[in-house]
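As structure tokens, the structure follows; a few thoughts come after it.
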């Protein structure tokens, strides 16, 4: 080893020259932003489509078939490539290839930074907030369409093929939204603040994850002009292979969003492992960070399987391989196995962050330390490990490996032990507490109520004999809406009400928030609880018609669903009112939290902490005399204003 | 205190040291995690291969034991393994103190990688079977596509570390690349991660070669 | 910006969103809905049999998918051929159905659909000759079927010879080679009964059941039986 | 301040409420729980449902009581003593161990119970694939004979009746191998008889769900998915497709009937005779059939040859073993 010694200069010497800011962060129109991304996508799409047609013209059976999947796929692939090129995601890798040094990272000022390839994790977090809400809003509208069709078993609003397209689009959009709904906005924004880091490990990969997520949203919606896809979100082959060109959007959309999921999980996992502040030992890491770490591990390791399955499906549709076509040496079971091998960890990708939020919010509003912290963290790790060994419970009636059913029944039911830990944590924390029922706490209580029903019905589904009746019916549908919507979405809402004051510096309106909470809680239950009964009475999923005697229950569910939709409008009204029309400045620490994220100034500076904090204890020492300080933030960071305890509006 | 232009804050030497360690650690754990991620991707292909092979639906797993052109397979596999080997050998020489040896190995590995990529693409365009004719044919196309992806990643990684080494050598001189300066440490960590991935690509390439050409 | 200005911005954005939603629903979700119902309820006096005439063509020749096969129905009021597969029929009434089959045929995937079922006398007539089973592996084969699963009605529609000058685009005139298949059935009580073709006739789709087979107004629709 | 035994209060309410609700459920709701008692599989499914409900109800009630108690008693609005932090509030060995032990015991009991029910009930009416692990007595013999074309069935003989279910877009049809292999779209079954459903598909994946019979099995092309049930009551039942199979998935249902063995025999013999002309044209009975992947008009795979609905000889190896 050489003996040349240089002063440790951080990585600064990689950026010694004060260069002009990169194209992605230059003010004005003539730089890279959403507009150039759209232009890139359109040009890329046109080029790809043209290339596809040129290639296909050599293959008469494609040219004559009336559908040219090669053109559709190439159009979408180059469209996404053009999008990434336009937004500036490829500037850095291309510069690296050319041997140039990376350019400086100042962020452009003002609102236009939200339309750019930003490497600031707080900007990305807020971009994700808008992104997932847009996703959720469109998916929710499709849900309204579904419930409209199901108002009557005989009078049809949509044709049966359109109805299935709507169902499929709703499922796909919501599933892809739900994988990112917490990790994207809150994970990206809060993890560095909670672990006392100034940055993410790979900020460009983080920015990539968001912009590719948006691209995936558009790719999945491109199915509609292509004529939709009829397979539901599970995309079972060989119906998948039989479907029209919209299926390309589904397969490629999954692959694109899969890349985003892998990128997001990768970056966050590495950040949590490496960028924890001094003193932030594994036993002091906030429970939310534990949940995000477990989720990130699942995102990184399970999603490649989805990506591979999507690539195989695309190959089946474009170059006409036969991965999923039994008659040609493939197997329809192959898709089912690959899909659910991803699909079940996916379910926990959508559950764990919700538990993390609950665990983070409970101590603040109970004014007690988090009960059984280690058990909670171990539960999350346990869930994520076990989730790789349960996928065949989706295939109990498929005819695959009947001899394995007892095993998969066992593993599936075992997973309710670590899931139960989260109830131990919650109920223990509430014990002899003094609870302030502010809006975040109300949502957390609702999560405990809803997820209990979702979890208990999950045990019904995992029981093979009972599964015979409930598999593929509305019971399943009600079950996973109770876990994902009743669990994750309520947690997300709790998180938004709780952390938006930090993220935006503005308080959400409490009165509108209460209206939102109570309508959402009541109508969520009124919408989905009847579906358990509908399912038990024999209504399969994804049908446009049903037995006449079920019309009463279906109508009840539909009307409740419309009111649930209204509840979301209240939420959006609150969002727009409190953040934009008549903002109220939030106190520095409105909930009196001990969390490290609340110790920073609002708005959070680009580098988060003037001094890297030295963490002295976990952030749950509530109601404790002589409690140690959470962290030493150094001399240069006085709170901007005195903490106002209990101020909520 | 070192002022960094890009981030608008000043770090104490301790903080700079901490951030450098976090950065190096990120490259280390990121490199491992990426290999883990890629393992799941390759495993999906391996699963598809053995699943279709054992199902043998319609006796169409592999009629007449059809095989892709083996000579192309050998070239791709050997070239991939050569790239991995060059990365490993180069890194050993680098640790021994020779930047030049590493660069020569890097260039060689880059060339063999590009050869593997070109031959792999060429092979896919001149297969003696129709993609949908059998389970083997289908999984082989999947293997080809995955191989191209892997080779692109390897080539990109080798090329960028190489390009960076050339620039840093110009700026710091060859001994500078072996120094404890932050850039040099960062570069060496990157080289190490790249070596692991190139080695992984070589091993998985050889394994997939056995699966698709020799079994 | 003033509060009023912000309100205006939000209102404009809201209207844009609503416009986008309305446009998407109109452009992507409602075409092909059972809106254009062909009404047969008032074509005959009460108690009189209703005549229903349809034709099957190998390629519709127009619209978004000109190469797709399709059923066409003769509008009972104007006599013109239209592409609509939702037919409103009176309940408990005898329906005389005439199918002009212009498409070629082949072997059925499932010969079960080679039997005439659910019609009066379980027979149909092919160019005047009664038949109750058709061997789809022989002769011209079966081109399409008219089947109402909910009523257990199934009529194989024998194909025309592929060596003849087959009609290329709908609606076809009777000067083109065709088979005339007639049969009768009685409608049940009011309800919504789906009908479809059981011949996998979607060109270029796996199992032949994509495209026109999977889109309403081509090879399937509803019998909307009303009081 | 007097120490209040919160947990004792809650436990008392919980025990009383659980017992009352469980008893009410078992006697009032239990007998009406789907899928009814039309077959032995349906009855055992109903029994399993009820056992799960009886275990689930105390869990639900327990957590609800706790949450309700929390809201009422430990709310900041109602004042009360300040909560105590510190180590005692962070962990409680007894509570944690008890919680883990209780959930583990419940879960392991459920897994064991489910496994026993699955085995005792010969797969509980779920599709067991081509080589069933758990079969009723006589099933393998009847299935082997059915494939060989030598199967017989007569009323009150105790023989297993094999019925083939063929899914296709978008209707189920049924073949009765013991009656010359005729195919029909009606599903008629004899009472007091063990039925072996052999479910397959001619195109995409469907799922045969005979709701009141407690049977569900996916229909995959080239795969014979076997499910058993034994009829115990006469009446009508509904068959629905429960795997999304395309545009008319929602309309893919029909009604079947369980009738007296004699009535079934009469119906089967009459249908066999009436369909004789068409049965001759059908391929010989087999567990699976090779559909033509390309459809009548040709074309997804350009190299495909038209193989109409033929017996899949190559699948002999995957037939149920006798």
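Worth a mention:
We call the chains A, B, C and D, going by the order they appear; numbering starts again at 1 in every chain.
Basically, a contact is a pair of C-beta atoms (placed from the backbone, for glycine too) under 8 Å apart; a residue touches a chain by one contact, two chains touch by 3 or more.
Everything quoted here is computed from the prediction, not taken from an experiment.
Common neighbours of chain B and chain C (chains touching each): A, D. Taking the mean of each chain's C-alpha atoms, the chain closest to the overall C-alpha centroid is A.
Here the chain pair with the top count of touching C-beta pairs is A-D. Distance from the chain B centre to the chain D centre is 48 Å, each centre being the mean of its Cα atoms.
One finds 35 Å separating the Cα centroids of chain C and chain D. Here the CA centre of chain A is 30 Å from the CA centre of chain B.
Measuring from the averaged C-alpha position of chain A to that of chain D gives a distance of 33 Å. With touch defined as above, residues shared between interfaces to two or more other chains in chain A number as follows: 61, 65, 160-161, 230, 238, 241-242, 320, 322, 325-328, 333, 545. Residues of chain B in contact with two or more other chains: 57-58, 130, 132-133.
Across the assembly, chain C contributes 194, 203-207, 209, 214-216 as residues in contact with two or more other chains.
You'll find the chains touch as A-B, A-C, A-D, B-D, C-D.
Of all the residues in chain C, the ones that touch chain A in their complex are 3, 6-7, 10, 21, 24-25, 27-34, 65, 67-68, 191-192, 194, 203-207, 209-211, 214-217, 222. Across the complex, chain B meets chain D through its residues 57-59, 130, 132-133. The part of chain A that touches chain C in the complex is made up of residues 61, 64-67, 141, 145, 153-162, 165-166, 224-225, 228, 230, 238, 241-244, 325, 545, 576, 580-582. Listed in rising order, the residues of chain B touching chain A in the complex are 2-9, 11-13, 15-20, 22-23, 25-26, 29-30, 33-34, 36-38, 40-41, 43-45, 47-48, 51-52, 55-58, 60-62, 97, 130-139, 141-142, 145-146, 156, 159-160, 163-164, 166-167, 175-176, 178-183, 186.
Every residue of chain D that touches chain A in the complex is listed here, in rising order: 6, 33-35, 41, 44-45, 48-49, 52, 56, 59-60, 63-64, 66-67, 70-71, 74-77, 80-86, 89-92, 95-96, 99-100, 103-104, 107-108, 110-111, 114-115, 117-119, 121, 123-130, 132-134, 199, 203-205, 207, 209, 211, 214-218, 220-223, 225-226, 238, 240-251, 290-291, 293, 299-302.
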